[in-house]
Amino acid sequence: MKHLIAIIFLTCGFSVSFAQSDIDKRLAELGIELQEPSAPVANYVKAVRTGNLVYLSGHGPLKADGNNIEGKVGKNLTTAEGAEAARVTAIGLLSSLKAELGDLSRVKRIVKVNGWVNCTDKFKEQPQVMNGCSDLLVAVFGDKGKHARTSLGTNSLPGNIAVEIEMVVEVE
Amino acid sequence: MKHLIAIIFLTCGFSVSFAQSDIDKRLAELGIELQEPSAPVANYVKAVRTGNLVYLSGHGPLKADGNNIEGKVGKNLTTAEGAEAARVTAIGLLSSLKAELGDLSRVKRIVKVNGWVNCTDKFKEQPQVMNGCSDLLVAVFGDKGKHARTSLGTNSLPGNIAVEIEMVVEVE
Amino acid sequence: MKHLIAIIFLTCGFSVSFAQSDIDKRLAELGIELQEPSAPVANYVKAVRTGNLVYLSGHGPLKADGNNIEGKVGKNLTTAEGAEAARVTAIGLLSSLKAELGDLSRVKRIVKVNGWVNCTDKFKEQPQVMNGCSDLLVAVFGDKGKHARTSLGTNSLPGNIAVEIEMVVEVE
């Protein structure tokens, strides 16, 4: 009986290690380096877990150098540059999610992604901008990364960031 | 005992059939024809279920002829035309929900509806626009269709659609 | 056995009373008076509960005198006035939440807060506006009030209200 339990623990340990290293390896393959999450500066936090869901705060396109990608898409930035901002934002979201979970292999499903594109009144390509985020999520998580999504425009965002994105994630 | 089980199965079968046909009949009475959901064109999907909740992507006012209702409310469209766009969007949402559930009688509650109205800076009647969606949901589902709601304005939406609406739905 | 049950009931009754009076006392200490929620005027409601989550509708800055705080931040209102509008809105949200729950001591966690600031295209201080809401939530609930948050700008809101805020709350 003791041996049986030992074997079960060993097996579980193994499978967890493999899964963890799979997502970490995938991130490395994609050349994605997660960030050290900054400390919250106000009376809110970057992620809250309730039951099996993690709600992530709206994140901006914070680059590795500590600066945000700023500007209005359709005026200061092209659609492709907006998509790159959405990709950078996705990395920030995954960084906060990892800080919350410890291990991204505990992600069961990216449930919902909402993204706001800081843009001109005439800009119409919000989905193409948001693909920068969606494509990264599916590259990292495969089918588990396929989410429901709402792509929106807005006339202004905090600090004039180019995009702001939030997520709801189902976890184990 | 066998007979009892048979009766239970028969009864359950009957009640499911009745419920299903009730919603279908109600849709027919209202003259609402659901759409064949289009295939996803990017790395996201129209609906994700987690536990008893279904999260629906932001939908636009896609008409039966395959075209969206476009324009800014307060400029190209009146409030009434915006409300009609919200009604059309609700039909699209129910079409995607039916594709996810198989049967709309499995809807236990429309929990939350968020709607963005593509409008001028001076437009103030977003709730009247969103009533086009809310009224249809309550016409179809009765009290189960009464939802929490957020009605918002925005300076631009994908493809210049008039409204974009998402929902969270509790299902059996 | 009967005595044991009686003691359990008494103890539970006591702890509920204490917790209830704690939040009520905290509100009084902060000089916050909750409002009598108005009746819904359309086919939606102010709050829907599903499982342990309560989804609250988008609320505006309705003052005790029955008028909303209106205007665009960055044009008709300063950032500080916007933050006051967000604070007033938080009181309205708590009023609707109390109407739903009966007792705010049943709040386990403010999970998510989304806020839209009615503002000019150049306004960048949406987070400072939203702090008016977040600070009140933490003043009332302590650590349970720390939420994930998304602060957004928009070109227009219903009735030209200054801010619109919605919440997801985990309850006992």
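Per-chain residue numbering starts at 1, and chain names A, B and C are given in the order in which the chains are listed.
Please note the rule applied: a contact is a pair of C-beta atoms (placed from the backbone, for glycine too) under 8 Å apart; a residue touches a chain by one contact, two chains touch by 3 or more.
Keep in mind the model is a prediction, meaning the values are calculated, not measured.
Visitor: With touch defined as above, tell me whether chain B and chain C contact each other through largely the same residue numbers, more than half shared, or through different ones.
Guide: different
Visitor: Fit chain A to chain B on CA atoms, both being copies of the same sequence, and give the resulting rotation angle in degrees, nearest 5.
Guide: That rotation is 120 degrees, given to the nearest 5.
Visitor: What whole-Å value do you get for the distance between chain B and chain C if each is reduced to the mean of its CA atoms?
Guide: Distance between chain centres: 27 Å.
Visitor: Scan chain A for residues touching two or more other chains and write them down.
Guide: Within chain A, residues 51, 114, 121, 154-155 contact more than one other chain.
Visitor: Can you tell me which positions in chain B touch chain A when the two form their complex?
Guide: 42-48, 50-51, 55-58, 72, 114, 116, 121, 154-160, 164, 166
Visitor: Per the contact definition, I'd like the list of chain B residues that touch chain C in the complex.
Guide: Within the complex, chain B contacts chain C at residues 51-53, 109, 111-114, 119-127, 131, 134-135, 137-138, 145-155, 168, 170.
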